[in-house]
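Consider the two complexes below, in which chain A is the common component and chain B and chain C are the respective partners.
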Partner chain A sequence: MDIRTVGPLLELNKAVPSFEESGLPPVPFSMRVMPGECVVVEARDPENATQFADMCSGLVPLDEGSVKFMGLDWTELHDREVNALRGRIGRITHRASWPTFLGTHLAITLQQLHHTNRPMDEVVAEAARLSEQFGLPGLPVLRPGLLSSADLLRAGCVRAFMGRPRLLLLEDPLEASPVELERAFLSALTDARDKGAGVIWLVRNNAIWQGYQQGVTSMWRLADDGLVAVRTG
Partner chain B sequence: MSEDNLTPREGGGDRDPILEADALPHRGRKPFVLHEWLREKLALIGRMTRHQARFFLIMLGASWGVIYESFRSHSWRRTVRYEFGVTLNSVVGGGLIATLFSGTLTGVAAVSQTIYWLGLAGLAKMTGSILINVVIREIAPILVGILLLGRNGMLSVTELGLLTTGGQVRSMQAQGLDPFLLLVMPRTLAFTLGGFTLGILFSFAALLTGYVISRISGVITNPVWTFFYDVVVAMSPADYLIIPLKFITVGFVVGLGGCLTGLTATNEDNLRTLLPRGFSRGLLIVMAVSVLFSLDL
Partner chain C sequence: MSSDEIVDPTLQHDVSVRRVLLHLVLPLLALVLGIVAVIVIGVHSYRTTRAGVESLTHELLGAVQHYIAQEVSDYIMPASAGNVIASGMIEHVPPAVQDKVFYSYGGAMLRSVPQLQSFYLADDAGRFVLITRHGKDGKEQERTTLQVKGGRKVFHHDYYTIEGVKTGEADDDAKDYDPRTRPWYQNTAGSNEIKWTQPYLFPTDKQFVMTSSLRFKGQDGHTLVFATNISLNELSTFLDHIKVGKSGNAIVLDSKGRVMAGRNLMQLAEAAGWDPNKMVLDPKTHPVFARGYDHYRVRGFGPRSFSLNKKRYVTIAAPLPGSSEGWILLLSAPESDFASFAKQSSQQSLQFAAVIIAFSLVLAGLLIRQVRRSERNARLLARQNAQITHETGAVQQVAATPRLFDPTNDSLVLTEQLAHVTNAHRASIWRFLHDGSAMVCNDSYDQRQDAHSGGFEMSRSELDAFFKAVEEGEAFIVPDAAVDERTSQFERLVMREAGTHMLAVYPIHGAGSVMGAVVLEDANMAPHLVYFVDLVTAIAGMRLAAAQQNAPDAEHGTQSNADHAALAVQQAADLPATQFDNMLMRAPEVAAVTASGIYPAVAVLVITFSDPVVDGEAETEALLKLTNQLASDVQRIAQERKLFAVEVAGHRLICMAGCAAEEDPTAIIRMADAALTMRETLMAALAAADLEPVFTMGLDYGAAFGGPVGADPQVFNLWGQTVSLAELMAQGAADAGTIQVTERVYAVLRDRYLFRSRGAFFAPHLGLGQAYVLAARR
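After this line comes the complex of A and B, so read on.
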């Protein structure tokens, strides 16, 4: 698998998502995210935001066009390659994402343990460090069902920023979140961008990202006629 | 727009063009065309056949997938090994007492009775072969299969079914975690190994209990090793292959069937539909394997 390290990290090239599979409007979507960029996408409907993030991850079949991640078209890859590439995406989602049969610590580290050969101690140490950064007393070991929604949100942030994600698909983690989470989140976001990660931050409410306005590269709106560029500033 | 449509319609007028258009298809019946009728009926039969065979075909494909992937070193990542270990521990460790207890009950109910009645009929020499053919080859795989299904198979159905309908499986895919590789393969192989282990333990417990009961009641006077020697001598070379293969296959299909029933759940499913489906499928699979191995072998 020949991965491109220069050029757009994510490229939606007139991608028309299947309406039957996703519920997204079947119109061409075009967007580019370069390494280190932070793109805000305003999506009023959380279900559409999740489906859009799925489309960026190559989970939504396309009627036309292409979605390329790190220079590779999702549709031209085999299952193993697709999964390996998705292992480089950190994601916070509104969809239920905590397996009930695993402890939260395992669910947080699962992606790293599955896709990398990093020593277990190193992965656990990073997870514990990020947990503290996001306001948890340590790496949570209880089952996800036993954690409060605020702690689950923090754990979701830890999971998304684990390892060195190349792309972050963040579905509005700051909505209805504890106030102290904002600083930790923006700090982690900046660190990730400094390391070359591209960020797609899906928001429902424009007020949420205003504190980070200067860091935002571009702003889009997910409307019925596709992605519409919005002037910032 | 034509002029007719622009003409204002009087209230309560005699003709409503919209209602008229709606009623139009119902006004005249379609003429009967034989080949159209035949095509519809054939399509219906095809749909029903495909629907009934769907799970069987999925099972066949997934069986090959599990076997194929299990021989690839890349498949055995640490997360997969972890899931295999946890499931094996749950199948063998969790089912050990229940299996030994069932084996003991079978020993009391079936083995000791067989020994007693064969001794009474003067057919004591056939004890070994009867025990092998009836208890070990036929009863043990079915009972172990049912125990596996009830204890762990239904758990897999529920867990994976809820993960699928809840959207967690989709989230796992978004992280690049293939549910087949991470859940189905290790669980199926753990069930396979667990089926063999529990089957052998069940057989041993049944035979030992049967011997103890018979010895206490004075039906047989042989020492225990003579009894086991008679049983072992009564085994044909084919039995050494078929008995372990039967235990292994029962474990494999129960594990795979449970996982696939869970993973193929739809949004319309809930526990009330999933559990009966999982149980009936599992039971049918166990019986089918048992019958398949008994066919002139």
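After this line comes the complex of A and C, so read on.
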């Protein structure tokens, strides 16, 4: 409930990312995501999309400006608070981000087990429910390397929507995904937004999100000259 | 922060630590440093002063020592110097007048120098003359000569007054006295220096006497020895009277540590049995002098400091010039005699320091108190700022709600924001029916369950006191609603179920009358929140006023609402009998379905049962029986509500109504009523069989394709988005035994039934929509 009434969920205020560290264009990025909003960011280069999501998560050093999440500047927090704050973000990444030494079930539940004191049973039940929602027969227990790419994508969705994420940084999971995933994904997305989460949906092309056009709050393009607002019909 | 989260990132530990460091630790540290500095300076000052005092004490003692040494020299001088003078006088006169010179010198000296006791003159022929004091006070003189009378050696004594007038004479036996055998005579042998004898005591007159003697030659060639007796008693008296500091004193020792002069000399002599050789320093009677003498023996002459019995003493050992060989002057005094002013000064300094420290502590305490207070105020301010932000956000949220003042649009945001801002357990908006006989809950939001409900009705007959209190138009807050007579009934009927205690009631004012009330349960009613509640109350008032204007005749008592379903069934009396498809279908009835096509307003209810777990034949039979009972119940209810058809497909039942070319407004009402009845019946049946409510229900209303399919028998089938959505609703129901409905159903039935908002959902080809749970009839 706290996030419904306070200011922007994510605020990029003339944030100039370090080019050396990220490869993002060193130009000011300004954007606001309010609770419940869904912002589509079109990024042709998946690497740039990942770096942009990293910047939103406070992982990219800035030359100037600030990135604030839930009103807190990433650079002004200590590690303990930064980690806790990052625990409020659900992410689906392009790059492989699975620990190879753990079962997928642990990788999925790890974030909730680490950041919260929810009972294990509750977390597992939620993971199992989400797994079924995203088309898995149950919570996958094999190591991520042994899952097919489609199932790994589903597991990624489960991991991103676990708990109550305040911000979703989604690097287009619908690209090259099974068709049935779309419904589950959009349903989960809508549900999260309804609970006050902000969404940044990074896509490679427009075709993917068209089915959800009415739900998109604003549209941006990540180009060499920074973030450019795109008018939506 | 979510209650589940372990770390709250919004807490700025570093800031508070820095603040504590700045506001508390630093001043305290400064204070402690100040105190330490004062103590160090005090101790240093004390030590410096003490060192100075010690040095000063030594110098003072040195000066005293010089003075005493001089006094002692002066005391002894008449003896030693007198010997030289007298011998000089006597050696140059003819032997005949030697006695005369001796007596006149001796007489003069005895009269003027009190410490001198007597003078001797003897020669190598055994001649001996003596002049000494006589009488009680020693003022008279006695002249004695060794004579031979009648073959015997006698001492002839002549007595004189102080003026030199002879007063008498006497003889006494000298026995075999020979001056040449006396120590004072013998120790001058072979020397022309002044010689001193060991002191010796005269127990009769308690005189402690020493003799100095000098050998010289007379004109007649005889060797003469002139001796002077000097009393050390006078020296002791002198030393006794000398003040060294306040309580110190002096003592004269010889080289063997025997006491020559000093305080209590006579007691010492008596204790030693009048033996001068035993008159040594006893550590028991003279502990300080004994220690000082030890220091002297080890370290030689000079000032020394030491502690004895936790007291500091200063002693100084110095040689005595002009005195007998090896005499030592020993002075002692407590250090405090000299250093007491320094001690006092140090104590004063420490007292000043203590006062300064006490003041500092008081100031530090005040500072800390002030800092704590300002911190508390800062926190309060921050909390108020956060609250203002919170309220501003809530106001924005309310303001941004589309069609806020449209009474046909449910503005759930009002109760939600009320609950959020006041942190109330439950916020609800109640309105009076136009005749004031009852109050109906328009919307009630339970923050803990995040659920809306409404439609409850309270009649004046039950809650007269509460109604009157609201109608008075004044807001009131009751900490415990159960004990207040105005609210006790309200608590029993409404609040007890939620377990709330505190009640805040804000009447909604309309044109000239009270139209309803905003009721908050277990709210945190801070004074600054009232304006937000007033704002929402005003908005609710405008909505209620608009509703009354738009539909003045909408309410005709409660019975009309209750009879909606019956009315709908009556209106549908001419409809064909219910169709039961599949196994339940009566084939000939399908003829009633005349045409296939699109039905514009079909109500579809899908009931989904979860798969039962059976173990054994008996259970299977019981389950089949139960299934049959459930099917029969559904059949019965469907017939009662004149539903169009009920289709059985696996673990699903699909009920439909309104399958006609013309739109049937009663279809959805009948269906909703049937759904509630079915839910009730099914739950009762399942409960009787000791089973959980293993079903969920989904309801949608809209256009659908339908018609009989197949040849013999023909089966009626219905499909389309409405059917899909109803299925979706059934599958995605929040909980077992609930009826989840779409936004379309809610829009049609919201006046007649109670719904809980379930939130937004997404459906393919349909997009975003709201889902509701059908709770009860109004």
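Convention: the second predicted complex is superposed on the first by the 228 of 233 C-alpha atoms of A that agree within 3 Å, B and C clash if a C-alpha of one lies under 4 Å from a C-alpha of the other, contacts with A are read in each partner's own complex, and residues count from 1 in each chain.
Just so it is clear, a residue touches a chain if its C-beta (ideal position, glycine included) is under 8 Å from a C-beta of that chain, and two chains touch if they have at least 3 such contacts.
Remember, it's a predicted structure, so these values are computed and weren't measured experimentally.
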{"item": "Three-chain arrangement built on chain A, chain B and chain C clash or fit", "value": "fit"}
{"item": "Which superposed partner A:His115 touches (first chain B, second chain C, both, neither)", "value": "both"}
{"item": "Which superposed partner A:Leu59 touches (first chain B, second chain C, both, neither)", "value": "first"}
{"item": "First (chain B), second (chain C), both or neither touched by A:Gln214", "value": "second"}
{"item": "Which of chain B and chain C A:Arg44 touches, first, second, both or neither", "value": "neither"}
{"item": "Contact breadth on chain A, by residue count: chain C or chain B", "value": "C"}
{"item": "First (chain B), second (chain C), both or neither touched by A:Val82", "value": "both"}
{"item": "First (chain B), second (chain C), both or neither touched by A:Arg129", "value": "neither"}
{"item": "First, second, both or neither for A:Thr100, with chain B first and chain C second", "value": "first"}
{"item": "Which of chain B and chain C A:Asp194 touches, first, second, both or neither", "value": "second"}
{"item": "Contacts of A:Glu182 with chain B and chain C, given as first, second, both or neither", "value": "second"}
{"item": "Shortest CA-CA distance in Å separating chain B from chain C in the superposed model", "value": "9"}
{"item": "Set of chain A residues, in rising order, touched by both chain B and chain C", "value": "80, 82-85, 87-88, 115"}
{"item": "Residue ranges of chain A touching chain B (in the complex, touch as defined)", "value": "53-54, 57, 59, 79-80, 82-89, 91, 93, 95-101, 110-111, 113-115, 120"}
{"item": "Residues of chain A that touch chain C when the two form their complex", "value": "1-2, 4-7, 70-72, 77-78, 80-85, 87-88, 115-118, 163-164, 182-183, 186-187, 189-191, 193-195, 211-212, 214-215"}
{"item": "Contacting residues of chain B [partner chain A, same complex]", "value": "74, 77-79, 82, 159, 162-163, 166-168, 170-178, 182"}
{"item": "Touching residues (chain side chain C, partner chain A) in the complex", "value": "1-2, 4-14, 389-390, 393-394, 397, 417, 420-421, 447, 759-764, 767-768"}
